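Letters A, B, C, D, E and F mark the chains as written, and numbering starts fresh at 1 in each.
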Amino acid sequence: MRIVTFGEIMLRLSPTGYERLFQSDRLTGSFGGAEANVAISLANFGEDAAFVTRLPDQAVGRGAVRTLRSFGVDTASICFGGDRMGLYYQEKGVGVRDSLCIYDRAHSAIAEASPSDFDWDSLLSGADWFHFTGITPALSPVLADICRTACLTARRLGVRVSCDLNYREKLWSLSAARPVMAELCSLVDVCIANEGEVRDLFDIQPEGTGQAYYEAMAREACARFGFSQVALTLFEPLSASEDTWSGLLYDGQAVAFAPTYRLPLIDRVGIGDSFGAGLIYALCHNYGRQEAIDFAVAASALKHTVEGDFNRVSVGEVRRLAGKMSAARPE
Amino acid sequence: MRIVTFGEIMLRLSPTGYERLFQSDRLTGSFGGAEANVAISLANFGEDAAFVTRLPDQAVGRGAVRTLRSFGVDTASICFGGDRMGLYYQEKGVGVRDSLCIYDRAHSAIAEASPSDFDWDSLLSGADWFHFTGITPALSPVLADICRTACLTARRLGVRVSCDLNYREKLWSLSAARPVMAELCSLVDVCIANEGEVRDLFDIQPEGTGQAYYEAMAREACARFGFSQVALTLFEPLSASEDTWSGLLYDGQAVAFAPTYRLPLIDRVGIGDSFGAGLIYALCHNYGRQEAIDFAVAASALKHTVEGDFNRVSVGEVRRLAGKMSAARPE
Amino acid sequence: MRIVTFGEIMLRLSPTGYERLFQSDRLTGSFGGAEANVAISLANFGEDAAFVTRLPDQAVGRGAVRTLRSFGVDTASICFGGDRMGLYYQEKGVGVRDSLCIYDRAHSAIAEASPSDFDWDSLLSGADWFHFTGITPALSPVLADICRTACLTARRLGVRVSCDLNYREKLWSLSAARPVMAELCSLVDVCIANEGEVRDLFDIQPEGTGQAYYEAMAREACARFGFSQVALTLFEPLSASEDTWSGLLYDGQAVAFAPTYRLPLIDRVGIGDSFGAGLIYALCHNYGRQEAIDFAVAASALKHTVEGDFNRVSVGEVRRLAGKMSAARPE
Amino acid sequence: MRIVTFGEIMLRLSPTGYERLFQSDRLTGSFGGAEANVAISLANFGEDAAFVTRLPDQAVGRGAVRTLRSFGVDTASICFGGDRMGLYYQEKGVGVRDSLCIYDRAHSAIAEASPSDFDWDSLLSGADWFHFTGITPALSPVLADICRTACLTARRLGVRVSCDLNYREKLWSLSAARPVMAELCSLVDVCIANEGEVRDLFDIQPEGTGQAYYEAMAREACARFGFSQVALTLFEPLSASEDTWSGLLYDGQAVAFAPTYRLPLIDRVGIGDSFGAGLIYALCHNYGRQEAIDFAVAASALKHTVEGDFNRVSVGEVRRLAGKMSAARPE
Amino acid sequence: MRIVTFGEIMLRLSPTGYERLFQSDRLTGSFGGAEANVAISLANFGEDAAFVTRLPDQAVGRGAVRTLRSFGVDTASICFGGDRMGLYYQEKGVGVRDSLCIYDRAHSAIAEASPSDFDWDSLLSGADWFHFTGITPALSPVLADICRTACLTARRLGVRVSCDLNYREKLWSLSAARPVMAELCSLVDVCIANEGEVRDLFDIQPEGTGQAYYEAMAREACARFGFSQVALTLFEPLSASEDTWSGLLYDGQAVAFAPTYRLPLIDRVGIGDSFGAGLIYALCHNYGRQEAIDFAVAASALKHTVEGDFNRVSVGEVRRLAGKMSAARPE
Amino acid sequence: MRIVTFGEIMLRLSPTGYERLFQSDRLTGSFGGAEANVAISLANFGEDAAFVTRLPDQAVGRGAVRTLRSFGVDTASICFGGDRMGLYYQEKGVGVRDSLCIYDRAHSAIAEASPSDFDWDSLLSGADWFHFTGITPALSPVLADICRTACLTARRLGVRVSCDLNYREKLWSLSAARPVMAELCSLVDVCIANEGEVRDLFDIQPEGTGQAYYEAMAREACARFGFSQVALTLFEPLSASEDTWSGLLYDGQAVAFAPTYRLPLIDRVGIGDSFGAGLIYALCHNYGRQEAIDFAVAASALKHTVEGDFNRVSVGEVRRLAGKMSAARPE
């Protein structure tokens, strides 16, 4: 299956281990970004994943391309131009000390892209799936427009569209995001989100608690936007380095809940993206409702253990874990 | 507020991660020492902290000065002389393997200091607070005398005095420490200690158990030495890499207990010092009894997560954590 | 006591921390192998341990010799020849992600050894104990023969023989291993194993559950092969980075169970070897049944915390831990 | 002496050793910038150096402050605001491969500063010397104005002004730079430059070759702008990792040339700044013409050997080298 | 242009800096091999380079694929199978201490390949150029046959064939290599070699000295094997870390000599491969005789400065250097 | 041959590459000391080398023992006691920046040794050679006495004695050293020194220049003290990272000069020790005058390239280099 994702890839600067930022002069320079993470995860699953973005034509941008290519992601559609890579500083939290993320992504090549940089008819030609997240339209009003064009093109070409809401308050306010995301969501087939995003962006707050609450939330979102599927991640932080993790999938007919994992957190960045990639993989391969959400949650459970933004695991590893957890689930 | 602390800063040599000493040739060379840790923590809280010590005038001593200055600690009062920096080797424990600390601090510049190295009238001029710990008088009888001079000068100048008992059996015996500490404590306003130190150094062993026991201990210490406040850290090691952590503050009127944290231990060195610094900050800013102990315990809870001797956290981070824990406390 | 162990030492290539293999270009190059690990552990306990193997005469083989010598292991009996060191890639698991081990040990100098490389009368002269594991005979049929010769020589010379079953499915099938190990076990005094190995290699599956089951298993193994002692490790993985750990020793008369530890796992490689070394030490020093198994389990509990194959702990550290756990055991 | 410098400090991201950018994921994160380098060098010489800039109030900006403070630079005048630190990627060249520098400094806190951020009467109160370089006015037209205000204030307060021309074609064109620098130079006492800058920015191309040419150049610049002194660095690259290095000082009366060094290049960044700092130190201390240029050239010769932007050497080290070279000079 | 190269890629294990092997436990794990190096260099020049090999289907083999892909090398034709990656240990020499290389490449996946693993009609379909070196046929007689099949197929399909003689005495004797290489060379268009290889493998030892000698050597090789071009690298080691470097190209009509560089050596591995890649690039782009050899020598001069096997430079960087050197050449 | 050396081994703390001390927090913790370096070099040459010292019985001292043992040095005679390891900080110079060495070796276990710690009859039993340097008697008057006892015992037992003068002005003054060294030298067979030491310690300043001067110096030293051989290292620093290096050997009959090397300096520490070890090896193996000095100079030329105190080279490597240089020597 050919899956095209669209968004920003940034340089990620991390101190070593649990050091605070600039506690020493050692930094790890890796790359990451929500949609790139999804593309890499899918490429690791053996899919034909392409990543569309705009990068500066210098050593940093080319470093990002090298990284994407190393996983087999198709980078042929990347457009070169602009002055700088966005970047972010990521400090790892542990115990009672929270993680810290500092964005330095304004004025990046992609944030300053223009509609003419992307010929969506060509970019989506032959694609089976198009994926973006709420971060991309948040980068600039132009990018929100480009996302709409991409979605419209995808629908016209019969390409399935998924969107991870990925609301980032550091990029835009809720009031700015709501109308943009609402319009885009009306063009989306598969919606991926967490409970807070559905509540805050869609203003959906059903009655009830526990599973009933989440099910009602998914049903209402489907009804409102015409999604074919809604997948929610369900988690509770136990500390900065431990959480519980699960998810649900509603396919317009019924809801399936995955088992709940209790997990140490080696690197929290990209966990949601690994869930999205797992879900896309499962839906591309026509997994059933339960199998699909089990796979997506197992994939993201494994991501908890992997350093960096990318989920460096294979389909076999995800299946083995999903099977083990599934076997432990009471019928 | 201007806080002056007095003691030794050492070179700290640590292997990487959980390696045993000299398992590989990689060492991290940082600096640390109880009173320097307090000064740095207070500087990180925005206070005007000064550190008084004696250092050799070579690259190692100047490295320590550079480190202190980087945090904004006033190093203008440091006296140069002597032949060597004290140092210590610190191996990190985990699980059932305990931490290991090897001192190599005899004959250090500060251990061989003489009274004429420090003009306390000048050093404490303009200060609001003077802090030392039981390590400093343990370094030599001369230093015990210098501490007494410092305390007397502080009292004369109206500078508040705090002492963290910090008994170290590798430096002196209980029988050597008792009379020295008793004399110094009679000049101290705020006493910081743990339960074992109060019991062993002051021979205070009240009836009762639990909170009542600790409260009685604090009351008796106050009564004996005329402290205005006594703060105790309360903790239980769960393994070499996990503990429970709390504290109490008695202000001559009543006792306040902080909530109890269960914490993974990234670096145990300096946890007590971060408690002392938190307490001094809170008392300098006229926090109430409960707020003060909550702040001190939250500060030291955060230190559990920070590599190295120093508590690299801000007042905002401490307050956020204290508030979260306080909110979770049943009324 | 002079203990001679025989087997393979390999180069171990490990990524940093929790990185996946070749996530970055940093590798740690250390050495390890079951019988070498036992020798090193015993040397760390102060014993006169010798390691017998065959190594290529180049920088890698000499690096292994330097490492063995650094612990005081006698390397004078190592035979040089062959073309390559065996090596293995070891990726550390955590949480739901399992550890990964890739062998590249075929065609190693030891795997291509011939009987004439080892003069067992000379090698075992003056020895008190001979130890090997099921890995050595798995390397080649010739090595299985060499092991038999070594055991026969040991028995003739009055040297006690221990064998850790150490079944490795990557080296040989159960059906290949069973007859070889059965023949060798008939020449062994002390058998070290885990429950699965006894069940699968010896086809011993007694009735019962819990301690009764394990005791019956040990009794039957002793009866079948004429072992003087059987020691079993008892463990349950809680995740890739945490387990429970215990063991039992049956000495032909009665069974002693060690306390059960719950342990974080810093490095799982060599834990079984550290148990074997602890047991051999205890039996060499005529520890009683209970003391012996307590020591062996405490030694291997400490190994959980040590990076690399080798148990870098002293007798004092093991005793201190065993004593603490023993004190906590209800009478 | 109190010396105030004004400009940008950036995060510097460097690969390890001679690696190309992003050849591995290891980066060294240090700080640097022309005027900060001068301040640090002067602080290392024992002077009271202050650095004026604008920094974002987050972990990266605070990291820069910690670094400045570690050398004893007065950071009290730094103004906080803006969104980001400027940064640059610096790849080390060697032999036939040139160094590579990629700027990402647009939109930095200082580049977006406004005149009201700096109260020069207050900032220069008590100062003996004010130093800036041609980089600062290149950052924005507003900054060019701020530089002019600073120079005017300095002259009014009797503070000596030095400027290192530091023309950077990545920041502005020659035609943009010429009028701005000409106006600023008319307010400058001591001009520091290299031959190319004098030729291109001032359009001064005297007759002659060799020392006569350089002397004529310096004389003409003095005459044109009314400088009290002009100092030129004189160098020839032999490869990316070796050069010859010298300089001259003209004080309105005569020219002194320093000896010529042949030097391996460990880190080329900041060599010019170390020359400027050496010169300022020498002039502040009333060194004679020859002694001054000898000191400045020796200081920058030592910088060739120091990793990072900063010249981590003492006055003693500079004097020792200058003395050795001076002794080798034929009378 | 599409260039297909065929051979082995290995894991390369290097100590840090100038450390001797296993002086510390730090290893750098990169990948390399003569024909892979050529493919990567060509991909860095913007060509469509494909690499054909056989790799084990595990984490090490996949790491090699990731590395190749990161540069944009087409890895779609890699055949998976076999048990192990070949590897080599590479210790860097300096001054009077020579570099040390230890091969551990026997029994690798490619060394045990069979003819059916490679369908050359398909692999060379659409290719413009096929390149291999004398290392590939040295790995096994089967591989020598496979190389012949590949060459015959290339000639049939009109694909140009180049071969770098790359004689390795650690892999086969001169007497074993001579007939094999002679037969293969009869199928080769472009021969790349050094003087010693031509002399020893082809037994060509013309009269004369200096340039005349080399020219005669190239002419005779062309005449003997019907090469369209012969390119020779010409170098003289000055120490383990410095050499002089040049080359010649004979195109059947005349000889062109490149300028001679004097170069520090950061990493000697892959220098010859970077020369071959430069030459192939130049010939693919129809560079004239002089331009072609200038480009190839400049490319390999730059490789002297790059860590690892791969020549991480662009066409622009090579051209800039070649132009600079060419400009310095007396007409 | 069994060679016993006596002296101090210290912890050596070095910053990374060309960093200045405490420029970052990375330190390399290795071990070294003149006489230990000689023992290790001889063990690397295959000799039975033993090192006698006194070490504290803790992790640092045991780390030193592990290092010595790794090279096969006999550590059985090391006496445990005392409080601390001596240590030194070693910063690497380059170009015009000199190396920097800071001793922190006072009060070390060996510096506080007493005569009863060493039973020389036993320690030298079976030895062929005893070696010490002028550093050992400089550590304390007691150690000077112990050295005399050792020399007397050696002479009584027919053990040859060598001494490297190794004058260190940081340890004692010339006036303190002269009588002590004179007395010890009267008990020495083979004297190793450099020209400055012979001139300053022995006050030997012959007429003449060049080789004649050095030969006269050696002859006079032999005549004065009755040495059987005098070996001098001859060198000229070209910068902190390059020198010329040679040496001479006078055996009471004639002088042989080694070729002169021009050498880059990777690590200067231990170069003299590697010369001494080379000489002892050559004399032990009855090399002729010329071969002996060629071997010693080639060994120390190789040491120029090796990081750390120890000369990690084999006899084969030394011979190969000596042969190459010897071949280049005009007859």
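Definition applied: a contact is a pair of C-beta atoms (placed from the backbone, for glycine too) under 8 Å apart; a residue touches a chain by one contact, two chains touch by 3 or more.
Computed from a prediction, not measured in an experiment: that's the story for all the values here.
When the contact pairs of B-D are matched by residue number against D-E, C-F or C-D, more than half turn up again in C-F. By count of C-beta pairs in contact, A-D exceeds the other of the chain pairs C-D and A-D. Both copies, subunit D and subunit F, contribute mostly unmatched positions to the interface they share, with under half of the numbers common to the two. Here the CA centre of subunit B is 63 Å from the CA centre of subunit E. In this assembly, the C-alpha centroid of subunit A lies 45 Å from the C-alpha centroid of subunit B. Residues of subunit C found to touch two or more other chains are 17, 20, 25-26, 66-67. Taken as a contact graph, the chains are fully connected, with every chain touching every other chain. Only residues 17-20, 23, 93-97, 239-241 of subunit E touch subunit F when the two sit together in their complex. Those residues of subunit D that touch subunit A in the shared complex are 13, 20-22, 25-30, 58-60, 62-63, 66-67, 83-85, 89, 91, 100, 102, 104, 106-107. By the touch criterion given at the top, residues 66-67, 69-72 of subunit D touch subunit B in their complex.
Interface residues of subunit F facing subunit A in the complex, by the touch rule stated above, are 24-26.
Of all the residues in subunit D, the ones that touch subunit F in their complex are 17, 261, 263-264, 266, 298, 301-302, 304-308, 312-313, 317, 321.
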